[in-house]
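Below, chain A partners chain B and then partners chain C, in two separate complexes.
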Partner chain A sequence: MSEARLFKPRFNPAKPIFNIVVFLLYLFLLAPLIIVFVVSFASNQYLSFPPEGFTLKWYQALPSETIFVEGMKVSLIVAVFVTVVVLAIGVPAALALQRFEFKSKAAMEAFFLSPLLTPSIVLALGMVLLFGPLNLNNTYTGIIIGHVAITIPFVIRTTIMSLATADTSCEDAARILGAGPWTVFRRVTLPIIRPGVIAGGVIAFIVSFDEAVISLFVAESGLPTLPVQVLRYVENSADAAVAALSVILILISLAVVVVVERVMGLRKALN
Partner chain B sequence: MTTITTENPVPGTREGLESGVLEAAANKRRKRTYLALLIPGILGLLVSFVFPLLYMVRMSFNEGAPDGVVIDTFTFQTYIKPLTDPYYWRVTLDTFRMGLTVGVLCLVVSYPIALFLVRSTSKYKGLLLAIAIAPLLTSAVVRTYGWMVILGTNGLVNTSLESMGLIGSPLKLTNNMTGVTIGLVEIFMPYAILAMISGFGRLSPQLEEAAGSLGASKFKVFMRVTLPLSLPGVFTAFLLVFVMAISTFITPRLLGGGSVQVLATEIYDQTTGLLNWPFAAALSVILLVLFGTIIAIYQRIVQKIGG
Partner chain C sequence: MTESKLSIVDLTKKYAAGLAPAVDRLNMEVEEGHLVALLGPSGCGKTTTLRMVAGLMDPTAGSIMVDGREITQEPVNKRGMGMVFQSYALFPHMNVEQNVAFGLQMRQVPKAEQKARVAEALDMVQLGHLGKRATKALSGGQQQRIALARALVVEPTLLLLDEPLSNLDAKLRDTMRTEIRSIQQRTRATTLFVTHDQDEALDMADRIAVMNGGLIEQFGSPIDVYERPRTHFVANFIGQANFLTITVGEDVGPASAAGERNYKIEVPGLGHFGAVGASGLTGRSLPVLIRPHRLRASLQPSASVQELKGTVEQVSYTGDTLSIAVRVGDEVLQSQLHTTSGSLPHTGDTAFLSWDPEHAYILPEHAKAVAA
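Here is the complex of A and B:
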């Protein structure tokens, strides 16, 4: 096994210690999620430790919590529209940035990624100020516009990555055989970069669905999204209803990621 | 067929483009194509990103009157208060200090995991990486809530310590900077781990092994080989966490419980509570300038190290 090694490594006591440290750090990283999971099944009336017994009452109560149901509805509608819009404008831009050469290309790419380097609280304030006179505060349009800024960098990035690794000879072949640019894109390029586009779309959906600050500024009073409702609830109440909701949300995002991983993994295997 | 090749220049099939006129036409066409592809995205970012920021900068030069009334004018009045009032100096310094503390602690706890993941040859490596970044998929609100349950007066830490008899009365771990710091360190860990892993490119087990077989002690190998080679990743991770920490709002708001004042919470209070829009805008501009300066300095440092 270790033929290539000249010296047989001595037993090194640092290694198990290092592994234990890594394990403990993983525990720290996952602590809030584990705790949320435990608390969501605890029968304590108020948030406290240790759990007094097992219950499903927090989960059973969720469908009758109108604020969560309403918030969920708003968040889903917003996230779906944001994903569609951001893919529609992000994928062509990524195509231009990756497949064409022009003078201001580097600056343009930096421009498209710059919302990531802007504090969301600053962006949120800018939006609430601008949307005021435009009557866009507390509207779906307002929240969706707000989320487009922070999700577009992810779509651009994943699509560019897919384009950069894709072989261009198929596109060339299709073109030589007489396909128009739109046909080449739809029939050749898009299928090749699909994993990147899907990944970008999923990230955009999750980022929009979880976003709290812009939604809080733009639509707290009139059209609160789920994260805004949860934020308010946590500030005012001390029971485990939010824990049950959180567990469900965590499971949903996990499921989405697993499905995408399967789809993309399958794609990679086929290529 | 020639019309198609002229419209869509293909590398290696330039024969159809001998004439300069045709080439110019093709270039024009290409220009039109990439502009058409870029324009929807540019418009999207103008509306959702550029205009709000510009409008905010303009707003910061207006004057705020009671009840949310904005007096349209051009004055530096809004900047005088945060730059002269000691309260705002303290808020800014607290924000800065929080960013530094969170950044450093986050590096300390993320470094071993990143190193472990880069070195690992286990077949579970992918799964372990996925677990390390999975918390990113949950909202910061949910994770902060988790920390409130862990650190609260009746939370996991306090009840455990009390039942072990180590403390008489509960430690104050929430509604103060301690709680906010702990929460933020954990929340930014996945980002730090990702940044470090992508910055650890030059690190290789062979180099460490070579140093070890040449007689260097484990400690020396780490100090002289592993650490220097991992510095680019460490720098990137620190900058990333620092800039996120100084602008974060949710965690200071929830875990701070109103008693931790940083620039982000101050901006929110000025907006929703006091309706002083120009002042909130001025604070945001200050935060933005702070942000930009740090990133610029950082890029200088990276260039110096790299060059």
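Here is the complex of A and C:
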């Protein structure tokens, strides 16, 4: 009898308190998403909380909102091109920064990572002023250049992380076995750093798809992206269609992350 | 397999101006089919030398020749060598067969021939049954054997081994040592082998290059570098060594080894003994080398032999042998005894040390100040 008591874990008052704190933290982080989710099914005439009834009409209305459909098209085209371009620039840049020694290395590294540290409103303003004379405002090229600039630090970071943990003697082995520089890259380096490259690409896609500030400055009038359209919509009308749209966007992001995680192990790539 | 001869002439590598060169005007001839060990402590330039031969690193000066053909300027992927790395360096995204086939694909060998040669190479390292496995699923020893198969399947001009055994555990290391040596002898691949392990070098190599501070201190057969070290560093790095500073006395005639003489030597203040060395040493003050297992220690004085009298300071029992440290004057000498010998000494005992003259070798030069 006394034995059983001996092995009973002592009650630790810190534990339930810790659990409550964690729960509140999650609630705080997820609250906006939960509210948007609830509101998207609410029959309130205006965007407000709490809901007065259940309806699917906001979802049914989405396909007929041409500005959303148009915005979605622009955003998808931009995000796809941004992902391709940013990988084409970012991966070689990361390779150079990680594998080679050269004079201006520190400066180059700072340059490629600097967009992370600059407020995007500053970047956006600069781009509008620069793109004006180049006739790039309100063009796909303009938006894509802007988005590449802000997504390149992510790609470089994730790729450098993969490169840093990869064994360089694999590349040496391939070279000794007769592979030229391009073959080494294509058949050995790239497959080894693939998780980092894919993680960088996914982040770039999501960041570009989600980006509002630069798109707003550079192409509001001529080529509005989906976030710009949402912004405009909320300015003019206050119904819950944007909430329904938001839920769909959340599901798309979630789907991308889940698929990549299943196929590649995104968590592994991001660590 | 193709046999090749490697010549290295005045090979030098300087990483930065002002720094001492990592490799300093190194010269070496490797005969066809030989396995040569580059042996030395870390930082002695052995890996740098290997990487220059492989073409992974450009030399600052000097040249590298294979079969008389200069390859110093040839890019690494055109040299046709095979290399095995300490970390195995198998391609993690390819299975065993794909790893081994890589070099053949680069040479555009026809598919059917590729398949046959890969199978043959895997059989050679006794892993023919693992062809479809992922490399990650294999043990360290298996991975290293695949790396060896991958390097040999292309019939390399030279086989380069960069500390291939140091990631393996002790028991496996012994097995792999024998296996690499027998495969090398079967294929007659001229081989350069980097190691910091003296036992490995003595066991496997036809010739050993003992390196220190970017220089080759001695290049010779395992017996040569062990029995007739040219410098204090070599004597100390290969095997265990006792040194006594002595004065070389009278030359008493030719020794059994060609060109060597028997000498009387004087250990200052302790008596006269016998030793061997190169000719013309009489009158000089030089170190004499006596290996611990050739330094006899007994607890009773002998009537017939001249001995050094000392006190046992330390005893270390390792089963097969008993190592004792004996203080003689200012010196502490190590002696190794077989545990079969009757009464074993204890700390504090008086011991009498003696040796056969042919087991005491007078080093031809004085100890240089060697950085610790």
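In the analysis below, the second predicted complex is superposed on the first by the 254 of 271 C-alpha atoms of A that agree within 3 Å, B and C clash if a C-alpha of one lies under 4 Å from a C-alpha of the other, contacts with A are read in each partner's own complex, and residues count from 1 in each chain.
Going forward, a contact is a pair of C-beta atoms (placed from the backbone, for glycine too) under 8 Å apart; a residue touches a chain by one contact, two chains touch by 3 or more.
Given the structure is predicted, the values throughout are model-derived calculations rather than measurements.
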Touching partner for A:199 - first (chain B), second (chain C), both, neither: neither
Which of chain B and chain C A:175 touches, first, second, both or neither: both
Dominant contact partner of chain A by residue count, chain C or chain B: B
Contacts of A:143 with chain B and chain C, given as first, second, both or neither: neither
Partner chain in contact with A:183 - chain B first, chain C second, else both or neither: second
Chain B versus chain C as contact partner of A:48, first or second or both or neither: first
Which superposed partner A:82 touches (first chain B, second chain C, both, neither): neither
Touched partner set for A:191, first chain B, second chain C, both or neither: second
Chain B versus chain C as contact partner of A:167, first or second or both or neither: second
Doubly contacted chain A residues - partners chain C and chain B: 172, 175-176, 178
Touch list for chain A against partner chain C, complex: 167, 169-170, 172-180, 183, 187-188, 191-192, 194
Contacting residues of chain A [partner chain B, same complex]: 5-7, 9, 12, 14, 18-19, 21-22, 25-26, 28-33, 35-36, 39, 46-50, 85-86, 88-90, 92-93, 95-97, 100, 102, 108, 111-112, 114-115, 117-123, 125-131, 145-146, 148-149, 152, 156, 172, 175-176, 178, 181, 184, 206, 210, 212-213, 216-217, 220, 227, 230-231, 234-235, 242-243, 246, 249-250, 253-254, 257
Chain C - residues contacting chain A, complex: 54-56, 76-83, 85-87, 89-93, 102-103, 106-107, 147, 150, 154, 160
Touch list for chain B against partner chain A, complex: 1, 4-5, 8, 10-13, 30-31, 33-38, 40-45, 47-49, 51-53, 55-56, 59, 109-110, 112-113, 116, 131-132, 134-135, 137-150, 152, 154-156, 158-160, 183, 186, 189-190, 209, 212-213, 218, 243, 246-247, 249-250, 253-254, 264, 267-268, 271-272, 277, 280-281, 284, 287-288, 291, 295
